[in-house]
Every structure is written in C-alpha cells, then in structure tokens.
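A short worksheet on the structure shown next.
All chains are identified by letter, namely A, B, C, D, E and F, in their written order; residue positions are counted from 1 within each chain.
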Amino acid sequence: MKIMKIKRPPKRVNEDIKEISTATAWSVLGSLGIKSVIMRGIFPLKPNTKMVGPAQTLYYLPLREDKEYTAEDLRKSAAMRLAEETKPGDVIVVDSGGPGYYGGMGDVMITGFAVKKAAGMVFDGVIRDSPYVRTLEMPVFCCGVQPSTTPRNMPVAADVMVRCGGVLVCPGDIVMGDDDGVIVIPKEKAEQVAELGLEREKIEKYSRRLLESGKPLNYAYPPKREWLDNPPI
Amino acid sequence: MKIMKIKRPPKRVNEDIKEISTATAWSVLGSLGIKSVIMRGIFPLKPNTKMVGPAQTLYYLPLREDKEYTAEDLRKSAAMRLAEETKPGDVIVVDSGGPGYYGGMGDVMITGFAVKKAAGMVFDGVIRDSPYVRTLEMPVFCCGVQPSTTPRNMPVAADVMVRCGGVLVCPGDIVMGDDDGVIVIPKEKAEQVAELGLEREKIEKYSRRLLESGKPLNYAYPPKREWLDNPPI
Amino acid sequence: MKIMKIKRPPKRVNEDIKEISTATAWSVLGSLGIKSVIMRGIFPLKPNTKMVGPAQTLYYLPLREDKEYTAEDLRKSAAMRLAEETKPGDVIVVDSGGPGYYGGMGDVMITGFAVKKAAGMVFDGVIRDSPYVRTLEMPVFCCGVQPSTTPRNMPVAADVMVRCGGVLVCPGDIVMGDDDGVIVIPKEKAEQVAELGLEREKIEKYSRRLLESGKPLNYAYPPKREWLDNPPI
Amino acid sequence: MKIMKIKRPPKRVNEDIKEISTATAWSVLGSLGIKSVIMRGIFPLKPNTKMVGPAQTLYYLPLREDKEYTAEDLRKSAAMRLAEETKPGDVIVVDSGGPGYYGGMGDVMITGFAVKKAAGMVFDGVIRDSPYVRTLEMPVFCCGVQPSTTPRNMPVAADVMVRCGGVLVCPGDIVMGDDDGVIVIPKEKAEQVAELGLEREKIEKYSRRLLESGKPLNYAYPPKREWLDNPPI
Amino acid sequence: MKIMKIKRPPKRVNEDIKEISTATAWSVLGSLGIKSVIMRGIFPLKPNTKMVGPAQTLYYLPLREDKEYTAEDLRKSAAMRLAEETKPGDVIVVDSGGPGYYGGMGDVMITGFAVKKAAGMVFDGVIRDSPYVRTLEMPVFCCGVQPSTTPRNMPVAADVMVRCGGVLVCPGDIVMGDDDGVIVIPKEKAEQVAELGLEREKIEKYSRRLLESGKPLNYAYPPKREWLDNPPI
Amino acid sequence: MKIMKIKRPPKRVNEDIKEISTATAWSVLGSLGIKSVIMRGIFPLKPNTKMVGPAQTLYYLPLREDKEYTAEDLRKSAAMRLAEETKPGDVIVVDSGGPGYYGGMGDVMITGFAVKKAAGMVFDGVIRDSPYVRTLEMPVFCCGVQPSTTPRNMPVAADVMVRCGGVLVCPGDIVMGDDDGVIVIPKEKAEQVAELGLEREKIEKYSRRLLESGKPLNYAYPPKREWLDNPPI
C-alpha cells in the first residue's frame, strides 16, 4: 500500500490559523454549522503549546496473541511508510483506541516523525517514554502516559479517515491544538476559518483593550462585528 | 462493496461452546497463551443472557456536519448490506467507538438483525429504544442506553477486522457472551476451546458436587484433570 | 413563600405522550431545533418504567455545619409545601446537585409524594431506603442509592427553574422517562411533540412490521413520512 | 496459622438487625458518633437482597510473576482454612483491592462458603462465574463481574482487620447489606443498634401510615421519638 | 435586580489568612466542628497559586434552544452587573453546574473581573481560552478547559447562596485556594480561623525545624500547643 | 514491633538503574516474564522527576470513630519507627488505600522522611500540604492532593508486603519512578535489569541517532541487539 500524497493548505492559510486560538476557530466553525470537531480527552503533554497543520492519519487495531506480529511486520507497517511521507508542518493523527491503549509510540517512533519536522502529533491513546518525549520541540497531544506497552496495538493503515478523540479526521484536514485541546478544521473550510477567525481575534482584542481602559464589561462584551470598520478604541 | 461470506463453525462446535461459560472459555484460551480477548465495558441489556456465534463485523466512524449523510446513504450503507447477509446464529459485532457514542442502532435497525435470527449483537457504544429492544429474544450487549442519536455515527464498512470493547474481532471469530461479559474466541481455536472447555466444566462440576457432599474446599478445589478419568464422586 | 400553581397540560396531550418513547420524543424535539433536553446520569430505579407528567420543581443546596438546620426548618421547608401542592400526575423534579449528593429523600419523604399520586420523581442525586422505595408504584429516577444521608442537602426553593441531569427544567414542562432515561419537553411544545411523536411511532411500527414480513432492512428503514397516507403494509 | 474463633453476636441481636434497613442502622450509628462505616462501590449481585451476620475476614495481595503460587499453595491458603471455620450465618468479608481486581473468587470458591450456610459474602473486587453465582441462595456483594482472573490476587491472611469498600472491618463486626449497599456495625455497638434501630423503624412506619391516611408530609415527617409512647395513629 | 454590597473582612484578617495554607485552615475549621467546606474537583489553572478573599457569587442555569438568549440579554445579565460591583480583593465564585459545563467564561469575561483587581475566580465548570487566561495575574480555579462553549449556560443571578464544588458558599464568605484546592471559611469564623491558623502554622514550623535539626519524627510530630509559650527550638 | 533491616542493593546497581527509564526497565522485566509491576494511578507531584531505591513499606487501615487513635498512638506507630530506620536512598512505599484516601502524610510527616535523605516516597493515596511538599527536593509520587485529612487512615505496620498502585511491593524491592509513572523491580532481578536495561538504552540511543542522521524509521527501529557489538553509527 502506498501512502497517497495529501493536499496541504496554502502556507498563508496555515500561518493565519496559527494566529487564532482553538476557542476562536471552534466559534467560527460553529457559525458555519460545523460542531462535531472537538477531540475529547486529548491534552498537550506540556503547557504553552500551539500546533497547526494538515493531518496525516494512522489507524491501529489491538493485537491478539494468536496473531503473530514481528519486528519485521512493524518495519513494513503503515506507520513506517507514513514516517517516510511526512513533510515539514504535517500533523500526525493516530487512532489507537482511546485512553486505555498504548499504541506503539515511544521515544524512537515519535522521534521518527520529529526529525521530519512534523508540526505535531495527536495520539488517541497513551504514550510511553514521556521523559524523553518532553524534550522534543514537536508538540505531542495524547490521553496520558505510562511505562508499558500494554495493551498492545498494531498499525494497520495510514492515509485513511480515522476517529480521533471522538471526531472524524480526514487526511489533509487542518488539525490545531493549544492548551484548551485539539480541534479539526475540515480542509474545505480552512481558508474561511482563517479569514473569519482573524476578524474574531481582532474584535476580541478590542474587547480586552476596552476593559483595560476602564470600560464596563457589558460595553466591551460581547464584541461587535462593526468594530472591524469602526474600531471602538 | 460486497459482503464476503464468513466461514461459520461446525454446528457441533457452536453447540458445545454454548455449554461453557465465558469464564471457562477465557481460562482455556489463557492456557493456550491467548489473553487479549475480553471486551471491557460491554454488558448484557438483560440478565440471564447467553450468546454464541460467528462474528459479522461492522465499522462506524463519527459524522461531521460538513459531510452530508442522507437517508439514501444509509440505505446503501454497509449496515444494510450486512443485514441482508446475516444468517441464523450469526453475532453482529459493531465498533461504534465506545461508551461515548450512539451508533445508529435503535429499535428498527436492531429488529432488522433479529428477524434474520442472528444469535445476538455486541455493540461498542450506546443504543436507544431499549424499552422495545428488551422485548426482543435476540440478546444485545452494549455500553449503555440513552434516548438520543448524538453523537452520531455512520457505518463505513462491514466484514472487516474491528476493535470492539478493546479487543480485535475478525469476521468469523466466535463471539460469546453471558452475564460476566463478552469474549472473542479466534476461529482457529474454536474447536480446541470447545473440547477443553467441556472438560473443564466437567471437573468444576465435580468440585461443586464434592462441596455439596460435605468435602472441604481444599479437597474440592482447584479441580484436578485426573478426575476426567477417575471421577472423585 | 407560596407554591404557584403550575399550568398542567391537557389530559389528552399527556395521554398521547405516554404512547411515545423518550427516543421518539427526542427525535421530534430535535427536528424542532431543541436538543439540550436529555438528562445525563439519571436512570430508573427499576426496569420497565414509564413516566410522563408536568414538572413540579425543587431546589436543594448543601448544608454546612455553621448553619443550623432543624427538624422544624425541614417541616417548614419548600419540600413540605410542594408535597401539599402536588396533584395526581405531577412529576417531582429535584436538583440536589448530582451523583455526589444525598438530597433529603428517603422512604418517608418519597412516600409523601407517592400518596399524592404523583406520576414520578426525578432526583438529581442519590436516594436512600431503596429497598422500600422499590416497592412503591410511583417510578423514581435517580443517580444511585446509598444508605447514608451525607453529604447533606437542604431544600431551599420550590416552583423555580432548576438544573436537573444537566438540563433546564421549568415548572410545568413535561418530563418523561423510560428505560432509556429522562427528557424534558418544553411546555409550549408538548402538543406538537404529542402529534408528531404519534406519527413517528406509527411509521416506525410499519418499519418493524415490514421487517417481520421479510422485507429487506433498507426497504423498511429509515421509515418514510408518506406511509402515513399510504401504508406500506 | 490457625483461624481464631470470632465471637458471634447473640442470635436475638442478629435477628433484630435483620428487621432494620442499612439506612436506619446508619442513622443510628451516626447518632452514636460513628460515621465511617459505609462501604463504597460495593453492590448486591442481585436486587432484593438482605444480609446480616458477623464478619469473617480475608486479605488478598496481588500476585507477581516472580513469586510462584501453585494450586498447592492455594489449597493451604488462608482462604481454604477460613472456609473450614465458617459457621452458618457468618459473613465473609474480603479485601481484594477494589474494583480493579479479581480476587480468586469464582463459582467453586464461593460455593465453598455457600455450602457452609454463610449468610453472605462481601467482596471488594470483581468476581467471575456470575451466571452460576446468581443461582446461589447466599447473597454476594461485590464491585462487578468479569470472565477473567486477571489481575490475579492471592489470599495471604484470614481473621485480621481489613479495609473493605473503604472502611475498617474487624473479625466479628456485624456486616449488613441490602439494596442500598453494605455497612459495618462495630461489634460492641451491635446490641445498641438493634435496640435503637427497631425503635427508629417503628416511628418511621408511623410516618408512612400517617401519610397513607392523608396527613400532610410535614405532620408525618420527621418522625418523633415520643410516638414510641404515644402512637400518632 | 441590584447587586447588594457584601460585607468584606477586615484587611488584617484577610492578610493573616494569606499566611495560612488551605490544609491548616481546614484543620482549624474542623476543630470548630465545620467540615463541609472543601470544594471537590476544582483545581488551579496554574501551580504555585494562592488566593484569599470574600466571595462574590454568580449562579448559572443551562440554556435550552426554546429559550432565546441574546447578546443583549447577556449584556444586561447578573454577570455583567457583578463585574461592575467587583472590588479589588474579591473572589468571584460561580456555580455553573460542575465539570460537564461551560459557563460563559472565556478570555474577555474573565478579563472583565481581572481588570477590577479581583483576587481570583472559582469556577465550578470548564473555561475556554486557557492559553490567554494563563497569562493573567488573577488566579483561576476551575474543573478543566476546552475550546467550546457547549453545553451552554446563562447567568441568572448574582449575590445569592450557591453550590460550588459541592459546598455552600454565601456572599461574603472567605474563599481561599492554593495548590491543594479550594475551601470556604464561613464569614463569621474568619477572624477565629486567622488567629488559630497562625498559631497552627507557627507550631508546625517548629516541627519542621526540629526535624531539620535532627530530632526524631515522633518528637517533632504531632506539634504541641504548649510550644506557643515554650518554643522547643 | 521492631523494623527489620532491609537488604539494600549494591550501590552500582542502584546507580545503573538511574540511567534507565521506567519504560525500558518495564520492557526488560517483561522479557523476563514479569509483567505485573506497574503502579496504576500514581504520578509525580512535579514533572521532570527521577527516583530509584529500595522499598521501605508502610501499611495503613481506615480509622473508625469507635476506635480511639490519639497523638500518642501516632507517636508510637509504625510510621514513626520507619522514619527512624530510613537510610539515605530508601524509597518509602505506602499502601494507604488508593485515590479515595488521605493517609496521614502532610508536610511534617513527609519532611520527616526527607531529612533522612530518602530517595522518594510513593503514596497510594492523596497527600495534603502540597504547596510545601513541592518545595522539597525529595520526589513524591501520589494519587492526588487535597487540603483535608478525611477519610482518615492509621499506620498499622511497616516492613511488610504491601499492595501499592495495584502491585505487590516487598521490603527491599527496587522502586523506580519517572514522569511515565512508577514500577517495581523484584530485588532478585535488580542486577539483571540494570545490565539488560543499560544495553537496551544503548541500542535505543543508536536508533535515535540514526534518525537524526537521516536514516528512515524502519531502518532505525526496532533497534537490534547486534548493534551492541557492531554499532550502526
């Protein structure tokens, strides 16, 4: 199986979304009628994290002792092929079954994506080797940490639609994470979210500046769209 | 996509496994080195339930508002085709994402499998319409009940390997459930589990009869394999 | 403080809603744009339960040892006054803080509402004396049971908007419960839910009958509104 | 190690406590300043259960693969010796580590205590073989059920103080359980709880009869101690 | 509705309580018979936090789609009026329904209280915009973070008794928080807690100094009240 | 009762294990057939923690109000005696019943072990005084923090086998903890784990260096034992 090339967003769109919080992006998506985009139970390994990029997906299934799964199988697996296809700025999104599962991601595997300059990893499961992984620049979002590899998982496919943190992720969707959590922006909506999100951030900044200048809260909030044309401060 | 025909176990093997508890089958599988077979968090909708049969699998992914999913899509979906392929005695095994998810299974859909004389349904999610579903003869094992269809799921594939209750299920594996829960018997091991399981049930019955006849617990337990040849009572 | 008289729904509307499942009522409300109506974590004390009626609400706050709260205070409390105002068919809805709380409801207090022929009680907390309460005809929905009265709660108001199972309940809203759980029907929507719900139940019954007569699942489901005029069977 | 003989309560005290609910016994103990007596997370395997009797305790520790633990070790273990010492009416109380643990109790082991006419078993862990155990007359209270024996435990001592459901249980303490849960009555308080509890049950019965005869709730409740001398109905 | 002015504690009392840990204040309150004062499930957004001040309370109820709630409603709401009444050193205490709820508090709303020099906010729900909120000096204690505003809440009252983290908070009670969590000091007890708490901190400091000087643990602990007059070191 | 002297590992073994992560030690133990060694639900109070040393164990049972337990009892308790026996480098391992329990460990008690230069404390329960405890050099692993001492526990034995985080710990076993969690190395296996673990760390380092030098992931991983003799880079 060959990993298909995902279509990556224009650099400007990606950069613009980096200026937006997940909270703002969620509000914008909601105004477009898209609400089922928040990953539940997935948090950054370290605080003060920001991640934006197109999704490269990976799908794991549990191992069972009657199925042989060798080091050689792992070497030929979808996970390995995906690492080769990873481009700078990609976000690796792994469905490994949720908080109860270890999913074959420890220090070396994660480093394998970090050296490709991936923008981050979202792992719907627990990782191990967190003392080392914390030292990487690449942000990792996951359900938790533990020292063991049980229950074990095996990578069965890359470049497919997956469930992660309870939401659908398609290859190429924009995945963004910060300290509030992780959300998915459908790729067709990325440009619109970038544009509307920057506007929203701008008027919320006016709100905060109004407050800092002594205006009452109900004057400053909720912010008004008209401020884009007539700044209130 | 056409649903492939699964290979079903010989009728005698299926009948023999019905005489065995999930606890005994688990012990036998463990003695064969196979341990990752217990579904977690999945329980019978009603007590005093027993279910055994080959797995017909179904795989759901979460819906997202930017993806249109119509009644017509559902009519053409893998779930509908699987219902057509279901034979008496089959067990429908659905990966719908775990306890947080509704998976498109309410009274009518479940009835669709019950009228085919399926042996049962294992649903890794929550169902709705439980007042009606409880009236069906077909046993249903699931993570819980609720009146709503949110968060929504869509069936994307049948007849594939799935994760259910945290374990791997392949089409045709024997799935068995009782009040203790649900376990998977790899299809290649079904005959062996039937044979060893019946033996185990036999010597455990001796244990209980010894106790009832007044023998001390450490005489009666653990049971001994030699009792198969020399009954202790 | 006097308990205001709630406006109760026409008898026919109440009877019609009794013919509808919570699942169907939820679907109808959803089609009207009303979704935040499912109580989470609240289940019937006994299976095979059905309850429909207008809400009489009660609001508890935690007790603190520096506040004196005597038997006399309880006798004069909102809970006692509400019991006097309860009419046959009313549903008592109590915000007592969720699963961590005991809320001053044991066998005698609950009997106080049962003798008034209340249609049921929804209790967002744990009750005690469940062995006795199970013997009552009046259904009770709650978060769980325990033998103690800690942490303690005190009734502070009746006949007010409350939060129960995570949703808003206004006095007079229709509250319905069955084995799937409990939902709230805003009083202004009760008539519409009764009408649309009966229609929905009717076409779903056609779906099930079609299946029982051997029609394929994707013919029988989803049911079609046109069947109301042209029955498919 | 020999199991010491516990001091059992007078037959009359035991019978009297059977007339009292756990809720009432808890209230009486609370009035004596004793509050830390409710087991958390332990429920009856079947509804409509009542159990009262003196505690025979058992203490388990987790097994580790570097420690050999053979069938012979089990035969010589404290669990086996305790089964021999069990007298009709005793309640077997097992600390097996809480809901995450299997504790070496399945159908045969539990039958070993049932044939001794034990009044019940309280198991701070999960059991297996629940389909069979449900058929026994002896009530079993536990944290849950599962088909497996993992994680495994080994009995290390009987007749010692144990932690069960989060509370201290000393050999000979009276343990009582019903559908509300399980509580411990310190043995020195058993007689007092029997006496005060019967009084409490008596006046609560007056409360319910007053309600049934049409008296207002705040007349009937809270019940008054003076009713013992001057029945209100 | 006008927000009533709460009675604030003398500056010295407030300053003294700042020298005391929540653990010590809890012990002192317990010695006065007041135990139901610990908020459960509410933690500081950032470690190394300390907060003390009089409570300004806010009460939210869930929104339901049949109730219109506009930006204008929010502008006129109790939350906005409370922001105007907030004085430097006040602690904003919000009952928004617990960990499952978003409660209308994101970066701008929280900034609205921060610019008033509030001493902190205790939020019984989840907040959003945590990346920004973490940059504020004002400490925030809450149940968690997420990017969305669902399920939505609406502020219905300020300046009322509320339930927060499972305990009663009255306007003007002293609320204190540190890394151990949040507790409530009934306003009438504030002076006594300040005095006794400082004494307790003093003798515990002797305990630690004795240990550091090489004294055995059972000499140094528990600390003795007599050390206030005769320092042991 | 006198605390027996535990046998401590050779200094070199202890130092070698400090160079190994818990993840690697777990893998090595697994290859020796020893798997039940990971403590569940126990995490470091502060990130970037590393702890290795022989276990000194302590066993707590819940207090009950009918049992008197005075300051004098505590002074004579096993906890106090264990503090006296603690040697530099020891790890104090306390079974206090899991996340629901406070176990008699606050700032002074913990300081009592810290001044003895203990290598760390593993506490199967919640501690208090975390603001102070965080300032200590000695790492503390526990289930959480809170300001109160309820539910209360009492130390009943030291120097015994205990259950901690769900696994067996014998006095003298090597306990190691880092940000992934805590594991137990049976004392008889310590030397072997040190040796094999260092080898494993060495070849994993080659894996990461290969990746950093641009080699593909499936070349670098899984690492090969033969690299010990023939370094791949």
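Methods note: a contact is a pair of C-beta atoms (placed from the backbone, for glycine too) under 8 Å apart; a residue touches a chain by one contact, two chains touch by 3 or more.
Quantities reported herein were computed from a predicted structural model and do not represent experimental measurements.
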{"item": "Path length in steps (a step moves to a chain that is touched) from chain A to chain D", "value": "2"}
{"item": "Chains touching both chain A and chain F, listed by label", "value": "E"}
{"item": "Proportion of interface numbers common to chain D and chain F (over half same, under half different)", "value": "same"}
{"item": "Chain centre separation (chain C, chain E; CA means) in Å", "value": "34"}
{"item": "Euclidean distance of C-alpha centroids - chain B vs chain D, Å", "value": "33"}
{"item": "Touching two or more other chains - residues of chain E", "value": "35"}
{"item": "Every chain pair meeting the contact rule", "value": "A-B, A-E, A-F, B-C, B-D, C-D, C-E, D-F, E-F"}
{"item": "Parts of chain B lying in touch with chain A, wherever the complex brings them together", "value": "33-37, 40, 61-67, 97-98, 100-101, 151-152, 156, 161-163, 166-168, 184, 186, 188-189"}
{"item": "Of chain B, residues touching chain D in the complex", "value": "21-23, 25-27, 30, 35, 38, 47-48, 50, 178-181, 183, 204, 207-208, 211-212, 214, 216-218, 220-223"}
{"item": "Interfacial residue positions of chain D with respect to chain B in the complex", "value": "71, 74-76, 79-80, 83-84, 106-109, 111-112, 115, 128-132, 134, 145-150"}
